[in-house]
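Same chain, two partners: chain A is paired with chain B first, then with chain C.
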Partner chain A sequence: MSVDAVVMMLPPPRAGRRDVVRAALGHGRTRVGVVLAGLVLAIALLGPFFAPHDPGAIVARPYAPAGPGMPLGADYLGEDVLSRVLWGGSRVVWTSLVATLLAVLLGGTLGLVAGYARNRLDTLLLWAMDVVMAFPLLVLVLLFVSLLGRSPWLTVLLVGLGWTPVVGRLARAVTLETVGNEFIESAEMMGFSRRRILFRELLPNVVTPLLVQAGALLTWSIGIMAGLSFLGLGVQPPNADWGLMTNENFAGLTIQPWAVAAPIACIAVFTVGINLIAEGFARAISGVRERD
Partner chain B sequence: MWLSETMRAAAEVAKALPTSAGAGARATTAEAIENPVAGEALLEPGLGQVPSAGSPSHLPWMLRRVAVALSVLLAVTVIVFLATVALPGDAARTVLGPDATPHALASLREQLGLTQPLIPRYLHWLGHLLTGSFGTSLTGGGSVGGIVGDRLVNSLALFLYTAIIAIPLSIALGALLAVRRDGIADRVGSFWLLTLLATPDFVIGTLCVILFATTVFQILPATSTLPTDASPFTAFQQLVLPVLTLSLIAAAYLARAMRASTIEILDSDYVAMARLRGIPERLIIWRHAVPNALVPAVQGSALMLKYLLGGVVVVEFVFNYPGLGSLLRGAVNERDVPVIQAVTLIFAAGTVLFNVVADFLTVYLTPRLRTGSRR
Partner chain C sequence: MAVIEVIDLRVELTNGLDVVDEVSFSVDAGEVLGLVGESGSGKTTIGTSLLGYVRGGARIAGGRVVVDGVDVLAASHAELTRLRGKAIAYVPQDPAAGLNPARRIGRQLAEVVKVHQPSLGDDAVRARIAQVLGEVKLPQGRELLERYPHQLSGGQQQRVMLALAFVNRPKAIVLDEPTTGLDVTTQAHVLDTVRELCATHRVAAVYVSHDLALVKGLADHVVVAYAGRVVERARCAELFRHPAHPYSRALLDAIPDVNQRRELIVIQGHAPAPGQRPSGCAFADRCRYALPECREAQPDLRRIGEEHAARCFRAEEVGAMPAPLRLQALERPAAAVDAPVLAVRGLNASYGGTRILHDVAFTLERGRCLALVGESGSGKTTLSRCLIGLHAQWDGEASYKGQALARSARSRPASVRHELQYVFQNPYKALNPRHAVGASVAAPLAHFFGVRGREATVRVGEALERVSLPAALAGRLPRELSGGERQRVAIARALVCEPEVLICDEITSALDVSVQAAILELLEELEQERGLTLLFVTHNLAVVRAIATDVAVLRAGRIVEAGPTGRVLDDPEHGYTRELIADSPTLLEAGGSGASAGVSSSNNPGRGQESPW
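Up next, the complex of A and B:
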């Protein structure tokens, strides 16, 4: 077989990715998702610059209703709810983002290696993934948090490692599917190195599904991070955090619902927005595949 | 006639399904739905990945599946042990805090077995676990087995009612949306299912409280502390909101999965064949699609219960319900090591159990796999 013939069998260079983005943004829902997620992201990242009060400042009596300068009222200590909402998003956003990134990098690599190895290493990696997945993720985090403390980096590490098998299985499945293709065979025939086949031939095929998966994982990481603070086992007072605020002001729901409603609205809008984006991309991928 | 039609149709599905590739890929059920992740269900919609019928009988496969599950559980005990008593630093000091007297430290070290070297200590602990002895609670002083047992019954009550309510409703809803695919009902329904799936569990619980207990309507109790001596199975008033919350969480998961797998069946070759032969759509749905959707439905239900295990911790805490989840939350807060060990092990065992049950039911319900004949 001439080199030309082999090159003809290589997959078309990643022309598809820009198409996928365009197709995804073509769905109305995806655009709604971008707006929703962007809005909450802006609150989380820029909010502290616009907060009228310090998040720890006592400005009124506990559970004071909304009034001038305090559009959302006061919380259980008399702190300004609006200021705490504006301050309380950054940590949940960055911890979930870093945890998801960790899971995608680690899980993607393990999945690629496992799927291409197809031997004992594959079996062993699958088994190890089963072991990690035997714990519901929140339970796994609680198990370690109890004695190791509540540092944000520890929870990031645990959530990232906890999602690794989820990513790994997907990456492995896509790799197994791709390995059977002719262009991999021809790459092997041409004597390309293992590393080149893994990262230049297989990886591009795995990236797009992993990105969709990452969007979904991000929403779940936000659920875990905020949930941990809601349980009182994440962010500690007097810091402002959406999950923690829900916990602190839960008892005052009948008197001052905003102190709970505002933070959970931020979390819900953010997770729903990201999921809409992820769904849009998933649809775009299957649509693009069908067209090919 | 009817039966043979169904069997043939089922055989067709089984043929179309991906079979596990070689010994490396163990048949661990529906990987698509296993992950509580919306995106993946969209990528791999089917529920029905089943083991290949490689052996004359499925007994060896089942035994191997159980052996793998047991090996996973063994590894789980190692992780729990390492996380709670063998971490760097002094577990006794962490539990008791900086003000502990040397005497209290020494006696706690003795109680936790910290004076022994690591491996004998693990084996000793494992031996106790296997005989059902979980030790004594560090805070209450009672037997961990007793405390955990009571809470387990309470949590099982939640699970039972959630299963009774959520499973039939979500299966029906998922199938309905699939049949009316891309219609207005499907668009609205799918949008809300996705929204519900994306929303964190504690947000759903809190919204239920705002809606039904405190702010909008005030018709139900916001907390679910069981009255003493009341059986959790009959305290309906206390159970309504937690069961509603768990049902919403479960329905989002199962109905979406059911919709995907029903669509897969409706798109399959044999349904297309039946349509070409002019069989009325009603008959196609009731005779062909519904019986075949049974496999993913049953499997999905088992996996749904597994998925709920993750939500139960937060939901029980929202409603202050005295179950395993709130017990774990309290134990973590108070660093009650033996209770943490017991509860995390139960959660892990539950996950592994629901996985195995889902796999077995798949094999049992798929005729080709049940008889074990080669195609």
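Up next, the complex of A and C:
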């Protein structure tokens, strides 16, 4: 899914979408990234099938150390840490992925249009984006979540919209730089449609920085999604969630570090993996070949 | 006495491939050495090596560079810092990149003085700056010193660069194509200044350039570089009279001249890149005089006369051949005069509130080539952009085949959009870097004619072959192509539109002279074969002589003179035209023009007379 998300943002299959994927996979870092992100994705998606216990089942005394049947010990209530890690990944992973995708698609389109239009529409879009950017994202999300409820879709929408100006600003800047090039004028002169100029001529030149930005945004989104659960506004106990787990077990960090370290490790490995993939694709698109 | 001495300089890439090797020359005080070569010849690398610097990814691997008695390559970092800007100065190609945009001119000048003479008082620094500004012919008042670089014209910026270089009275100076971005008139003035300063202060100068005609008027000695080697070294007059290396000869054959129309001979093939240089002579594959042994062993740089050396087995023979200049009948057979294809009357154009063009009028008949000539800011590019529909702020009459042209390309009918085509100045920006070149050429085919799929592939291949590119190139991305190849692709993209009129905006100014010759040849063929009509925008009068049937000279937005090329260039009526011609560097001496002056070519000795030089 992560690779698909990235591939969707690639230029139209002109020079060959498959070639870009192959070139990206030619970079060692991309392969490492795919393995890391894939591993965490597998835990998040398939984990529940392999969990030895129910995530809400009390199986030992609180903060019990690792033992037979529970290799990572127990958490503050005596629930099995391994089972909760296996159960607790799906939500943070999908919400952050979808939120990032939303931001990249929406922000990328707005930025392209704004940068190409260079008129009142551009000014208007810039103002709108600046207004959104003026609010710290976490505060914005907290505000709406406390007003409207804890639906995961609401969080996805809020985080996606919150990141939109970040992508939009970048896309607009790169578009402005590209639009002055003579190949755009050439297309104007031939009378190509504006949509064609936007998506066939400009977009491929804007995609690389957007991809890199998408990698960073995904990382930040995971942070926010986990943070919301940590703050008690995301997943509610007894359901399991990696962000929630770090919150619940924070007090017992010195007695039973696994209950905090395992979910954090999953989040960290996932973000590192995604960033490696994004970088690999960025290199493949800009034509850097692996040198050996 | 030699101020600059270079012995066996070698510069390598980090992977061990040589960029430059076996380069030796020396420059005496007060002398100018012209270092000539095309892109990839290593001339800029040699230039910066004199200051002990090479760009990232390369390193100076061997040889000696002695400047004013100091061994530059053995110098420590501290010694180099003392040396640079004091004993040896550097003037880069682009003055806008050489000046700090955020600091005033005065502070930048003062900084260079103070770094090398920290004990100097403020008054002494100011006096020194005023003096050097006078020397480079800039106004000496406070006003200029208070300005930022962007508030100066290109010519003034380059003079400031010269002031920065000369302010510490260096013993040696390296100038890297300092006039490339300037108009001919400004260029002529800057060159005068350089010549004068070097002579007065006994400065040894290395002038890096691709322009042989310019070097001819400036240098005492010339070094010709090819594929990282010195292929010929001679006194200036000797090189132009008896070029002994086939490459020098071929270069001379490839450049047009302002004073006479001559047949340009294209150098076939490419200069080999580092790592692809053959074991024998690097020029052998493109050489008309190559022998079998040229491909086996690399010739040494041999002395063949007083202060004359060439890297060729047949140097004596080649040097003894008649001067390479070929002339041909001045006027081409003029195409029958048709009704005008393009007619412009009373055209005024502005940018924002500034009037750029005033009451411009001309007509262009089918099959002819009209050159729009003028300096930067004269409005020649604005005029061509108005005609193609990229600049909409104009009024007046412009018609194509009797039909009035709408202001913006989008409001013109498709037939006009494909019959009027435009080729841009900068081949590096004219193609979408993310599209394979074949896709760029195919796009207008689908757009105008609905041609797609297999037929489009065939047509793209034909168009590429028409501009002398292999059809297989269609799958490459622009960055895999050289500048000349990209410009050909841009022309191919225009050709698939089946144009009647091709507007060319300075299309050869970013290209090497040998590539320029090939492009000019191609355009002339298209003109004759297809009856293509050309509007050729340029500041280079030599190119005008080579390609245009008619000229219109623009100055400050007005056409000051127009007429057939031969008449305007040989017998200019307007003072400004005369000035432009006088300032254009030339290989021939001015004045002796005449339609019948057929000078011998090496292939046609029977027709020959002695060279006019």
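One rule holds in what follows: the second predicted complex is superposed on the first by the 241 of 292 C-alpha atoms of A that agree within 3 Å, B and C clash if a C-alpha of one lies under 4 Å from a C-alpha of the other, contacts with A are read in each partner's own complex, and residues count from 1 in each chain.
Convention: a contact is a pair of C-beta atoms (placed from the backbone, for glycine too) under 8 Å apart; a residue touches a chain by one contact, two chains touch by 3 or more.
What you are looking at is a predicted structure, and each value in this text was computed from that prediction instead of being measured.
With both structures placed on the common chain, the touch criterion links A:E201 to chain C but leaves chain B unconnected. More chain A residues lie in contact with B than with the other chain of the pair chain B and chain C. In the superposed model, A:F192 lies in contact with chain C only, and not with chain B. In the superposition on chain A, A:H27 contacts neither chain B nor chain C. In the superposition on chain A, A:G215 makes contact with chain B only, while chain C stays out of contact range.
When the two complexes are overlaid on their common chain A, residue A:F183 makes contact with chain C while staying clear of chain B. When the shared chain is aligned, chain B comes close enough to touch A:I264, but chain C does not.
Across the two superposed structures, the residue set of chain A contacted by chain B and also by chain C is empty.
Of all residues in chain C, those touching chain A in their complex are 388-390, 409-410, 412, 414, 417-418, 422, 424-426, 429-436, 439-440, 443-444, 447-448, 477, 479, 493, 497. Per the touch definition, chain A reaches chain B in the complex via residues 29, 118-120, 122-123, 126-127, 130-131, 133-140, 142-148, 166, 169-170, 173, 176, 209, 212-213, 215-217, 219-220, 222-223, 226-227, 230-233, 243, 246, 250, 253-254, 257, 260-261, 264, 267-268, 271-272, 274-276, 278-279, 281-283, 285-286. Across the complex, chain A is touched by residues 21-26, 28, 31, 35-40, 42-44, 68, 71-73, 75-76, 79-80, 83-84, 87, 91, 94-95, 191, 194-195, 197-203, 206-207, 209-210, 213-215, 222, 309-310, 313-314, 317, 328-329, 331-333, 335, 337, 340, 343-344, 347-348, 351-352 of chain B. Residues of chain A touching chain C in their complex: 11, 14-15, 181-183, 185-192, 201, 204-205, 287.
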